[in-house]
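Take a look at this one; I'll ask things after.
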Amino acid sequence: MPLVYLTRVEKFNAAHKLWVESWTEEENFDFFGKCANKNWHGHNYTLYVTVKGDPDPKIGFFYDAKKLGKLIREVITDRLDHSNLNLDIEFIPKGTMPTTENMAVLIWNELEPHLTGCRLHCVKLQETDSIYAEYFGEQ
Amino acid sequence: MPLVYLTRVEKFNAAHKLWVESWTEEENFDFFGKCANKNWHGHNYTLYVTVKGDPDPKIGFFYDAKKLGKLIREVITDRLDHSNLNLDIEFIPKGTMPTTENMAVLIWNELEPHLTGCRLHCVKLQETDSIYAEYFGEQ
Amino acid sequence: MPLVYLTRVEKFNAAHKLWVESWTEEENFDFFGKCANKNWHGHNYTLYVTVKGDPDPKIGFFYDAKKLGKLIREVITDRLDHSNLNLDIEFIPKGTMPTTENMAVLIWNELEPHLTGCRLHCVKLQETDSIYAEYFGEQ
Amino acid sequence: MPLVYLTRVEKFNAAHKLWVESWTEEENFDFFGKCANKNWHGHNYTLYVTVKGDPDPKIGFFYDAKKLGKLIREVITDRLDHSNLNLDIEFIPKGTMPTTENMAVLIWNELEPHLTGCRLHCVKLQETDSIYAEYFGEQ
Amino acid sequence: MPLVYLTRVEKFNAAHKLWVESWTEEENFDFFGKCANKNWHGHNYTLYVTVKGDPDPKIGFFYDAKKLGKLIREVITDRLDHSNLNLDIEFIPKGTMPTTENMAVLIWNELEPHLTGCRLHCVKLQETDSIYAEYFGEQ
Amino acid sequence: MPLVYLTRVEKFNAAHKLWVESWTEEENFDFFGKCANKNWHGHNYTLYVTVKGDPDPKIGFFYDAKKLGKLIREVITDRLDHSNLNLDIEFIPKGTMPTTENMAVLIWNELEPHLTGCRLHCVKLQETDSIYAEYFGEQ
């Protein structure tokens, strides 16, 4: 039976800042540059979720791509969309920096328990046209 | 002499919210939906500036595209990048809603006096993959 | 009051063929090439709807972009999505060729009566990465 | 000798439907939703073929990218373009669902015997902006 | 009869430099910066040709988009592809700077006499993701 | 500690030709086709550099994406931009064909010694919309 990888893409828009609470504003700005603007900035994020499995011979897939999109929206992107990543999101612990790198790991951990009948392979989060992070689970 | 249109594209990331100060949080949410999240959200904006003029026969352009990019960054996008559009920007009057539509007009008004040797034709501002606004000046 | 143009982008996937009923299969193939495959082919279509108006000073827009998206989906793209453009669509008269050019005009005519508080400026329909049609109404 | 991966991108447009012959129209619609429209729908597909090998020191590649494009078009995309994936394609067995997942496997099996002087690494097929499947061969 | 605009997109890759023959290398570099590298640089160009006309009621278009693509390739892009724009192209007069702005005008002049049954509306030439020029003919 | 992959995208424009010095012009043209135009052609290249590491719990990343961009520009793309890849670049040995495949390996070798605190995972170089090469180091 062939192993196939299926990727579903969803989007959300959010505000955040990079800011270590125990540092002064000047220290944050020195380290994070404009990303530490205390009044926030934001991004259009694109989320790629890749799952893998063996397509059922009769119906031709192992996980309905439309159902996967619905799951990602319900569990992840509907909650993140038009939010403040530092303040509003339950699955981002307070004090955890909402970098693209950390977000990829947190999204994996939040989404993975909801997937049955397939294995999660990769969470890729694109923050701008020039930056994205990928997480493949613990290895 | 041929009239040619030249477009330069620049980008910036910013936070904003749609929020009428004289309304309650509930009224704002009823009207603007998730765009009224009081903790802000944000976008990757793409700005298209189109100028028009007659290319100089010797050098082949009427306004150096690299110089145009530098001007747009200095006058507009370096100031907007990693900012909060409701709080941080001098040329967005307090109480003026930072919608894509208003931003296109405000960017035109801020940029136009700096352009010499060509005429500004269009300011196009893209907020997401599915929404953009264009302004062609007073007509 | 400034006149601003707002564009909303929506997508749909559909099947069609280019086929003149009064011609033989051979005549259709000679004229339309592979587009006349009697078993149909299909496309991912991208629809750009541009409206124009004067933003309200208080709320910053003349027509809510989210509301515009909802209207386009209800009146146009939800009906066209996963359809056969030659067979399934009430507002495409039987015998009218579902070319990108004709579709742009038909979508304008179907959508325009639903727009109040702004004027429709352009319907642009992209069929592939290399082909799109635009219609600006009767002129 | 370094191992390098080369990817060539080709496109095709096709109609299909997701439809189990032994089910009623209602059962198909309940399971596959709009994808089961009996009158078909369609997509612009983008195909990414990745091969791997050691570049020849003199000519700088192990498989001419232009030749790879020509091969993919002849063996795969010229046959799929403007076709009906359920009805028209010899290498898609009747009754095999033309899902993106199955298509990736079938394209691998059809293309792989034609490749000499390099190894096939991945067939990636994108169906819409939000869905794609990848197949890396039997593992 | 409705007036519809049809756009066809074609691509080519070419080398060029911005260089005034009567200037020294230093003068050229002072004025054009890196674009004056005497050993050339190059781009992937994207050409958008827009024509307008009234679709034929029977066949649904006024100019076959496939035929338009073939014409553009034969008259323009097959000649420009993999060329040196300063040295190799007959319709770029020696000493005429191959800027995007000038190229848009020259392509219009070369293509326009070949179009029958429709009117040329716009030649748009994109040089990089951040620079493009448009020409709408003499006005 | 989670292992995360971070990718940074940078661009450059350059001229090149595929040309074996010991062959005649005819032999080169027979083998490389239009890529052997003796007067050069060129491309807009897009470079994807992927590094991997364990994000620092306090600051949320293992290598600052902005710093990574600055490094790539200084060490690689500022040197390649507006250059002739056959003539101008110190780290492309004379006689080494500047194919996308070879460039990916050469960029890896040039960049890798500058990376501290993370491991280089992949250099991907895109030459056109339909061709890219990837190199993952010696394996």
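Every chain is named by a letter (A, B, C, D, E and F) in the order it is written, and numbering of its residues begins at 1.
We take it that a contact is a pair of C-beta atoms (placed from the backbone, for glycine too) under 8 Å apart; a residue touches a chain by one contact, two chains touch by 3 or more.
Just so it is clear, the structure is predicted and the values come from calculations on it, not from any experiment.
Trainee: How short can a path of touching chains from chain B to chain F be, counted in steps?
Mentor: The fewest steps needed to get from chain B to chain F is 2.
Trainee: By label order, what chains touch chain A and chain C together?
Mentor: Common neighbours, chain A/chain C: B, D.
Trainee: Name whichever of E-F, C-E or C-D reuses the A-F interface, so over half of the contact pairs are the same residue numbers.
Mentor: Checked against A-F: the matching pair is C-E.
Trainee: Chain E and chain C are one sequence twice: same or different residues at the contact, by the over-half rule?
Mentor: Interface between chain C and chain E is built from largely different residues.
Trainee: Distance-wise, how many Å sit between the C-alpha centres of chain A and chain E, to the nearest whole number?
Mentor: A distance of 41 Å separates the two centres.
Trainee: In angstrom, rounded to a whole number, how far apart do the mean CA points of chain D and chain F lie?
Mentor: Going by mean C-alpha positions, chain D sits 28 Å from chain F.
Trainee: Two or more other chains touching the same residue: where does that happen in chain E?
Mentor: 35, 129
Trainee: Can you name every pair of chains that touch?
Mentor: Contact pairs between chains: A-B, A-D, A-F, B-C, B-E, C-D, C-E, D-F, E-F.
Trainee: Applying the document's contact rule, which stretches of chain E touch chain B when the two form their complex?
Mentor: Residue positions touching the partner: 18, 20, 31, 33, 35, 96-102, 104-105, 129-136, 138-139.
Trainee: Over in the complex, which chain F residues touch chain A? Could you list them?
Mentor: Chain F residues touching chain A: 2-10, 50, 55, 58-62, 65-66, 69.
Trainee: Would you pull the chain F residues touching chain E in the complex into a rising list?
Mentor: That would be residues 11, 13-16, 34-35, 37, 39-44, 81-84, 87-88, 128-129 of chain F.
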